[in-house]
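Next come two complexes, and both contain subunit A; in the first it sits with subunit B, in the second with subunit C.
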Partner chain A sequence: MKRIYLDYAATCPVDKRVLKEMLPFFSEKYGNTGSLHSFGQEAKIALEKARERIADLIFAQTEEIIFTSSATESNNLILKGLLKKNDHLIISCIEHPCIKETAKFLKTKGVLVTELKIDKQGFVKDLEKSIKKNTALISIIHASNEIGVVQDIEKISKVAKRNKILFHTDAAQSFGKIPINVKNIDFLTASSHKIYGPKGAALLYIKKGLKINPLLHGGGQEQGLRSSTVNIPAIVGFGKAAEIAKKEIQEDYKKQIKLRNKIITQALKIKACYLNGDQNKRLANNINLRFSNIEGEALTMKLDLEGIAVSTGSACASTKLEPSYVLLALGLKPQEAHGSLRISLGKYTREQEIDYFLKILSQSVKELRKLSPFK
Partner chain B sequence: MKRIYLDYAATCPVDKRVLKEMLPFFSEKYGNTGSLHSFGQEAKIALEKARERIADLIFAQTEEIIFTSSATESNNLILKGLLKKNDHLIISCIEHPCIKETAKFLKTKGVLVTELKIDKQGFVKDLEKSIKKNTALISIIHASNEIGVVQDIEKISKVAKRNKILFHTDAAQSFGKIPINVKNIDFLTASSHKIYGPKGAALLYIKKGLKINPLLHGGGQEQGLRSSTVNIPAIVGFGKAAEIAKKEIQEDYKKQIKLRNKIITQALKIKACYLNGDQNKRLANNINLRFSNIEGEALTMKLDLEGIAVSTGSACASTKLEPSYVLLALGLKPQEAHGSLRISLGKYTREQEIDYFLKILSQSVKELRKLSPFK
Partner chain C sequence: MNYSKKIIDHFKNPRNYGKIKKPSAVGQVGNKVCGDVMKIYLKIENDIIKDIKFETLGCLVAIANTSLLTTLVKGKTIKQALKIKKEDLVKKFGKIPSIKIHCSFLAVEALKKAIENYYEKSTNSHVRRNR
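The block that comes next holds the complex of A and B.
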């Protein structure tokens, strides 16, 4: 059975052009960037080339890009590396668990945390009134990994600037998918595997002149901010993925918007099916649907049996039984949250896959409702 | 020019069999282990297979293996995850920078640190007399990344056990190269790229029943100890590399011992050339030589021009100007430490490469001495 992957928000296949660029760095150009000899030097050159390609995508300077192993690590690094006891941190209630859990940890270290609520469309509210004298950082997710809603980070960054507060955004879902310029952003997190690069590479953008403490101590790589042997093949892949994204971002966006809107239009024709999150200000690849009297997990399983991979929420949370905190924050009741489904598209998604998915979705919802005790 | 790589202690090429095993996980079986659908499930199965292969190599149980991104991360995780204010930590003075710098950081958090000295052969001393009532952890490097000396961790672990102190060893250089059984070890660090696996994967062994705190907060992967999207291709490669190591460890060891001893015997015939560290209780792949009236860096550069890649010390420290703290700890004077060279062999090293290296080494030493102002 040909499988249909509609869970690109969880992770993506590596673009073949990316893999091709990575391959020589496994068994031929395998040097350690710390070594003085020719093997080390060719690794160092590859590292800096990747850094240039990535900086280029977000209009950053190369020395502002710190490579890490994952967006989780970047998010931990910025929060733990910047904040100290009695600092006030503002995040939103729909951050990824790696921001929420890190903030929770920092609370135990005396950091004060405010979680901004969201409105019914999914946009953060009450930012200005949450600012205190000791607010040291505002960290707001750019695009939600669950509902795909894109926050107005331009506006948020201006509020931060006006109040002389540093601003971080977790752009793991938006980087390479919608244009980003870091001009008014102090710190930004992005990840390779969400843009068809390999797992194991990510970045933290740190605006020139700003200082944070490292999370990993050791050999002093990445300006002393991320000690570890540098993962050259993964970073080379990340660089290539960023280069490709820069070229193809517009075309991919247009194509996905069309498919996304088709899904939304068709799905909303299914009885008691609703869209979670704003219909327009959302990622081109994200659809989050809600079905009355359906368990999202049962629907996911049923679709999986038909060869279609979708998700009930974030991959990190999919093995947990609690309803999604993002959906609850939208104002949904627990059973409504449990009846939700995330469909996320990618550049390899074809229209005929969407047509097949819509057909199976409609059938599956009907069948599950027949079995439902809520009916 | 055919290049000769003699810096395997810094990093290794990926074994072709390892790369072959990894390849499907980039663009075909690319699922996120957290996903419930078939893509996620095949990733999860691959993850657990890798864990089994690795556990098997050191006689551990699978649930005792936590995957991280690097040995540096594993070492940071165990020290920062275990130790709290007023705890006493014993390390040696020849630990890798990722242990030394982490210990230095922990000192600022109120952890007390004792650095054991080494004798002229490179073995740690005074362990028993350094133990205090509040000693919480002994962390001793198994095999030195610079001088290759292998510590008697069996003996050290018994001292720890007798005194009811936990014992960690950084086995980044020895794992997969000399047999290790974790029976008497509480925590162990090992890395993929030192055993012909890819960069970006490493492990922390944690004996069943022992608890530490995470370094990265987030989605709760790896039993909550290492949140992040799991880097499946790298971990699959690490698993395959461990499986190969298990099969070929004895054969590789024998072959390398022979080449190592040939280098030592021949090099010591060069005027004023000495071996750093014990001649016998050292890794089969490590030779660390000292030449009077020679700058190790100049020698490294000269050899590099002849296509031979060696190192003055650890890759992490090779861009720094200070003499190696490991060599100083052996009792060497700064100029002696500066005159040292690390040659590290691998399973792809052939005898004719060694013959060529020995010829060029001898010539280069003579030529550099002609130019030396110390002469």
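The block that comes next holds the complex of A and C.
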């Protein structure tokens, strides 16, 4: 059976050009960046080249890029490394769990946390009202991993600046997909595997002059902010992926937005199908739908049996058996979140795949509705 | 998630789904844990379950389980049907992730509710007849 991957927001395949660039760094150029000899030098050069490519993508300086192992680590690093007891932190209610849970942990250490609500379209509200004298950081997700809605970070960063508050954004979903300039951003998180690089590499951008504490103490790699032997193959891959993204960002965006809009238009023709989140200010690769009177896990599994990979915010699919908090924050009732489906496209998604998906989707919805006690 | 062939088969080709036009009894339960709904319709003649149909708003396991249950119950006496336990379903299906065990309770509970509904109805009509 042919398989169709429509879950790029979860992770991406590694671009073949990326893999090629990585391969020598496993068994040939395996040196430690900390070593003086030629093996070490060769690794160090590769590390700095990756840093340059990444800095170039977001208009940063190389020394502002700190490599970590995952977006989760970067988000932990910025929150735990910056905030002290009695500091006030503002986040949104639709942050990724790695921000939400870290904030929850910091609360137990005396950090005060405000969670901004979102409106029906998915945009954060009441930022200025929530600012306090001791607000030390505003951390807002750039593009939602679930509903793809892109926040106006330019505006948010201006508010932060005006109030002399530092601003961090989790750009794991948007980095490499929409142009980002860090000029007005103090801290930014991004990850390799969302842009066709390998898993196990990510970054925290830290604006020059700003100081935070490390999570890991040791050999002092990454300007003392991330002690650990440097994961060269992964970082080399990350760098190559960023270089490719820089070149192909426009073309990929155009291609995906066409497919995205096709899915939205066609899907909304299905009876009692709705789009979650703003229709326009969303990532080119994200579609989040909901269908009345059916359950998303069953729908996801039905599609999977036809070879199509998507994801759902249904309670039945979560390990806690709770509906997606992002969908609830949009104002949806639990039973509405129940029938939700996230489709996320990538640069390898082809139009024929989308046509096939749309056909199977409407078929599957029909079949499940036949089984449903609600019509 | 790796489900057994049998579960997948019941999910793909659910047996006995839909409504019964003039049912002898109906049972409905909601799943408090994740918000799902399960409905079972019975046609009973001389204490024998002549027909059974189900409707489910729920996950793969919930759908497959009810489908399986209906095949076990059809043609059986009420007494026999009441003997079926959720463990029997789990056994028949093989490995189910533990988080999904509650979904298999749904089917059995809906069936019980339907049979209770049948008894209520028949005692009521009995009372009416004797009036």
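Note that the second predicted complex is superposed on the first by the 367 of 375 C-alpha atoms of A that agree within 3 Å, B and C clash if a C-alpha of one lies under 4 Å from a C-alpha of the other, contacts with A are read in each partner's own complex, and residues count from 1 in each chain.
Here is the rule we use: contacts are C-beta pairs under 8 Å (C-beta built on N, C-alpha and C of every residue); 3 or more make two chains touch, one makes a residue touch a chain.
Quick caveat: nothing in here was measured; it's all calculated off a predicted structure.
Engineer: I'd like to know which partner A:28 touches here: subunit B for first, subunit C for second, both or neither.
Structural biologist: After superposition on chain A, A:28 lies in contact with subunit B alone.
Engineer: Tell me the contact category for A:294 with respect to subunit B and subunit C: first, second, both or neither.
Structural biologist: second
Engineer: Would you check which partner chain A:371 touches, where first means subunit B only, second means subunit C only, and both and neither mean what they say?
Structural biologist: In the superposition, A:371 contacts subunit C only.
Engineer: According to the contact criterion defined above, which of subunit B and subunit C contacts more residues of subunit A?
Structural biologist: After superposition, B is the partner touching more of subunit A.
Engineer: Now for A:220: first (subunit B), second (subunit C), both, or neither, which partner does it touch?
Structural biologist: Touch partner of A:220: subunit B, not subunit C.
Engineer: After superposition on the shared chain, which partner residues are touched by A:323: those of subunit B (first), subunit C (second), both, or neither?
Structural biologist: A:323 contacts subunit C only, not subunit B.
Engineer: Touching A:123, do we find subunit B (first), subunit C (second), both, or neither?
Structural biologist: In the superposition, A:123 touches no partner, neither subunit B nor subunit C.
Engineer: Counting only touches as set out at the top, which of subunit B and subunit C does A:37 meet: first, second, both, neither?
Structural biologist: Once the two structures are laid over each other on A, A:37 reaches subunit B alone.
Engineer: Output check: A:356 vs subunit B and subunit C. Expected answer is one of first, second, both, neither. What do you get?
Structural biologist: neither
Engineer: For A:253, select first, second, both or neither according to whether it touches subunit B, subunit C, the two together, or no partner.
Structural biologist: Neither partner.
Engineer: Overlap the subunit B and subunit C contact sets on subunit A and report the shared residues.
Structural biologist: Looking at subunit A, the two contact sets intersect at 297, 301, 314-317, 319.
Engineer: Which stretch or stretches of subunit B touch subunit A in the complex?
Structural biologist: So the residues of subunit B in touch with subunit A come to 3, 5, 7, 10-16, 19, 26-28, 30-40, 69-73, 75-76, 96-98, 101-102, 104-105, 191, 193, 198-201, 215-221, 227-234, 297, 300-301, 303-304, 307-312, 314-319.
Engineer: Spell out the part of subunit C that touches subunit A in their complex, as residue ranges.
Structural biologist: 1, 8, 11-12, 14, 17-18, 28, 33-39, 54-60, 62-63, 99, 103
Engineer: For a test of understanding, state which residues of subunit A touch subunit C in their complex under the given definition.
Structural biologist: Residue positions touching the partner: 293-295, 297-298, 301-302, 305, 314-317, 319, 321-323, 334-335, 338, 370-374.
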